[in-house]
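Structure provided below as structure tokens; questions to follow.
For reference, chains read A, B and C in written order, and residue numbers begin at 1 within each chain.
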Amino acid sequence: MADRWLQADPLVRADPLVRADPLVRAGDPVGSELAFPSALARGSRDAATARGELTLTSVSKVFGTPSGLLPVLDGITTTIRRGEFIAVIGPSGCGKSTLFNVLTGLEVPDAGRVELDGKDITGSLGHCAYMPQRDLLMPWRSILDNTVLGLDVQGIPRAESRRRAQALFDQFGLQGFETAYPGELSGGMRQRAALLRTVVQDREIVALDEPFGALDSLTRTELQDWLQRVWQQHDWTVLMITHDIREAIYLADRVLVLSARPASIVRDLRVPLRRPREVRGVTATEFVALEAELVELLHCSASAAD
Amino acid sequence: MIIKSDPLQATRPPAGAGVAAASGKSPDVVSQRAALRPVSGPAVTVGGRSRDGSPVRRAVRAVGPAALIVLLLLVGWQVAVMVTDVRPQILPSPLRVLEQGWLNRDDLARHGLSTLGVTLIGFSVSLAVSWAVAVTVDFVPWLRRALVPLLVGSQTLPIIAIAPLMIIWFGFGLLPKVLVIILTTFFPVAIGLIEGFASADRDTGRLLASMGASRWQQFRYLRLPGAMPRFFTALRIGITYAVVAAIFAEYVGATSGLGIYMSMQKNSFRTDLVLAAVVVTAMLSITLFALTYLVERLVCPWYRRGRGKADGRG
Amino acid sequence: MRTRLRRKALVAAVFVAVSLLAACSSSAASGSGGPSSDVAGSSGDSSGAAATGARTTVRFALDWTPNTNHTGLYVALQQGWFADAGIDLQIVPYNTALPDTLVDAGSAEFGISFQDDTTVAQASGANDVSVMAVLQHWATAIGVRADRTDLNSPKDLDGKTYAGFGGPTEEPLLKAVIKDAGGTGEFTTVTLGTSAYEALYSGNVDFTIPFLAWEGIEAQHNGTPMKYFKYTDYGFPDAYAVVVIGNRSWLSANPQVARAFVQTLQRGYQFAADHPDDAARMLIQANPGTFTDESLVTESQELLASQYMKDTSGVVGPQTLAEWAGYGKFLFDNGLLIGPDGSPLTAEPDYSTLFTDDYLSS
């Protein structure tokens, strides 16, 4: 049963790379009925409680540089509900990473606040699990020990943290590689390990900074597909910075488009496409329309920066 | 999906897929085997064994050329001595050095062990001091500006002049010898550690900060393990000085040791035994040097394993 | 193919370099390589050389920084006697190489040595010979701090700590003296070199071998007097504390210059023995800044002049077979004379070959 969807898809069957990946072999039953219960459950949860609701209110940040003051964020205001997948796109250098730093608590905004369920968490660490652009896996730790890094920092005993991480290894396609070292893994697998490290911390919010940016397009497509499936299973609240518009539309519930520096939210675009989204859906009319709109918005933002 | 039409796809060798096509085995079994093997591909090592030979062959290849040159020099030296008929008190031949060294092996062994003991004790203390200073400097950054000039200064002190003063100040027990060894070997290790700690990846530091890590956790999870390669490089540099430093320390006052032995044999006009002691000194140094590689392998198994493997593939 | 050829060339070059190096040092060792001892050029005849203005360079190796063992050398230098004899004296200052080694290798024509050092060196094949005695008797003795009431005889030194200098003959000598006094001769040796005296003064060791005419006086001046046990009081043979050695081959090749040099040197030492205060002054003048305590130099020279430098007829320099043989036998009996092949001598050497008075004035 697990492989039914996989074996049904002729494209998948033909692709040797996909088949070699243990992740794929494990056969996430995204296309099966099993996926829907979680989505339904999510919807009902939303209605019942407002738990895990992240609110940014007028977040602004100015940096002092030798050449003067540099405003980076200008009044960012938005609300993100639990379990939503938010993509953040914007011109280069507009302040996306700074926004993430404020979210995680690494930076304190000069104005505005960040609230979680009404509680002010501005500048406080530990609410957000952050995945940086580079996988930053420590070469001296095995893959398993790398994934428990966040739990180590929290002070959880190794036996327990290893158990928690190990439970996700299959799903992340890393089974068998627990004792391997990062140098022995491919780029795609390292990114998956980094993501495992991020989500195993069990924080309310997961912040991904261009998680697939460094990978080749084939691996990227593979991982986007996988991320969607895994996210649906686990019900994470995800904010993802990306430069890839298609990736944003494919994965996100909403796309926040930022202006050039100082960044503010130019557009909060809902992506109404039905889940689970298929890669083939990339060519569907709705998709193309959304893509065109975003391209236009970004183009304007970028030219506004000049 | 693009995969089918991409020609690159056909050439990329995921571990089991080609075998599957060729052997006609069921895709699940093949993929299972593939899953257990690193994706890096067939040409690169598995478990540290090189494709181009056993560890013995590799060791021979590493040491071979140097050994050959040394051998040629020795042969040249031997022939030169035999041809010019120079007296052994002026320049003994290699054979004479070996012969006399062997005849006096008991003395050489006794003095060599004494020097080795002093070296190990002194160098251990030196390492402890280096670590203490380096860790302190890492946690208290302004101390770096205060201490590093002192470190550099310690390296430049003329031990020849200081050593006799040590006796006046500290007597001639183990303490002045340990101090001499520390003065000679402390600097490279301390600097290597300080720079090693400081070379921790900034982004990883921020990642840890975002996880809520304390300064101590940053040190323990990032700065300390990240400094290991630099530490071992510095350790190797320091340890090559250590044996010579121990011998020097013996001039500060000792009852036995290769330094004493060499001095006595020089006073007895036994140039051959002086050179034999030099050979023993070199052997001690080389052994300790090689030992650092062994220790590194134990402490940092990842360092030699993960390097040179396929990167970014997949 | 090219790398193989280059490797062969490298090997050949290395081989040639090593051979040349050894050949150069060996030719120097044979003694014929002295800087200007060209026999054909000048017969070494002093009058001839002085007349033509040509001077022969002679290198003299010191065993230590300048001290009262070297007074005669500096007297002759200051008085211009070497120049008169047509000799250009070059003093090779002390580094860590023994003068015996330097003279043997031909890096110096003459040098300061000691009876035990040169006996051992010559037994092992060194090309040296003793041409003059500077001090006729032992000038060292076992020294302990005067306030050590527990040490009244060498036998009290059993189980104590000795600060040594790394010489091969020290321990056998001390053992013999201690045994003669009734002890077992078991003690601990710590090799300290020049720090030995400091260690004794500060009480870190129990005994060492100070030079009576230097450290002995110094200790008195510093307020840490010592008491001594002389070797000869315990049945030990006498020996020439300080001698002058020369390179045999050079001596045979340059007999005229050799005689001129040795006789000039002897004249200097004789003067020092007869006029110690003047000699001390010349020593100080020749080495400005070396002596911080000038009274030490004068007292030392006076002591040497009165007790050590002159033989029974008041002459400085002559040597006797009896004295060479006496201590020589001790060295032989204790296996301290190692032959050129590295093993101890089995047959007693001919002690008369160790020295010569031929170059002294008769």
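The rule is short, and it goes like this: contacts are C-beta pairs under 8 Å (C-beta built on N, C-alpha and C of every residue); 3 or more make two chains touch, one makes a residue touch a chain.
For clarity, every value in this text was computed on a predicted model and none was experimentally measured.
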{"item": "Most distant chain from chain C, judged by the mean position of its C-alpha atoms", "value": "A"}
{"item": "Innermost chain, taking as reference the mean of every protein Cα atom displayed", "value": "B"}
{"item": "Euclidean distance of C-alpha centroids - chain A vs chain C, Å", "value": "86"}
{"item": "Averaged-CA centre spacing for the pair chain B and chain A, given as whole angstrom", "value": "44"}
{"item": "Multi-partner residues of chain B (each touching 2 or more other chains)", "value": "none"}
{"item": "Chain C-facing residues of chain B, complex", "value": "69, 72-73, 75-77, 79-81, 83-91, 96, 99-100, 103, 164, 167-168, 171-172, 250-255, 260, 263-264, 266-270, 272"}
{"item": "Of all residues in chain B, those that touch chain A in their complex", "value": "1-4, 6, 8-9, 12, 14-18, 20-21, 27-28, 31-32, 34-36, 38-40, 201, 203-204, 206-213, 217, 221-222, 225-226, 228, 300, 302-303, 305-307, 309-314"}
{"item": "In the complex, chain C residues that touch chain B", "value": "11, 14-15, 17-19, 21-23, 25-26, 29, 96, 98, 100-101, 104-105, 117, 120-121, 124-126, 163, 165-168, 188-195, 198-199, 202, 204, 338, 340, 342"}
{"item": "Residue ranges of chain A in contact with chain B within the complex", "value": "11, 14-22, 25, 104-106, 125-126, 128-130, 132, 134, 136, 138-141, 149-150, 152-154, 175-177, 180-189, 201, 214-215, 217-219, 221, 279-280"}
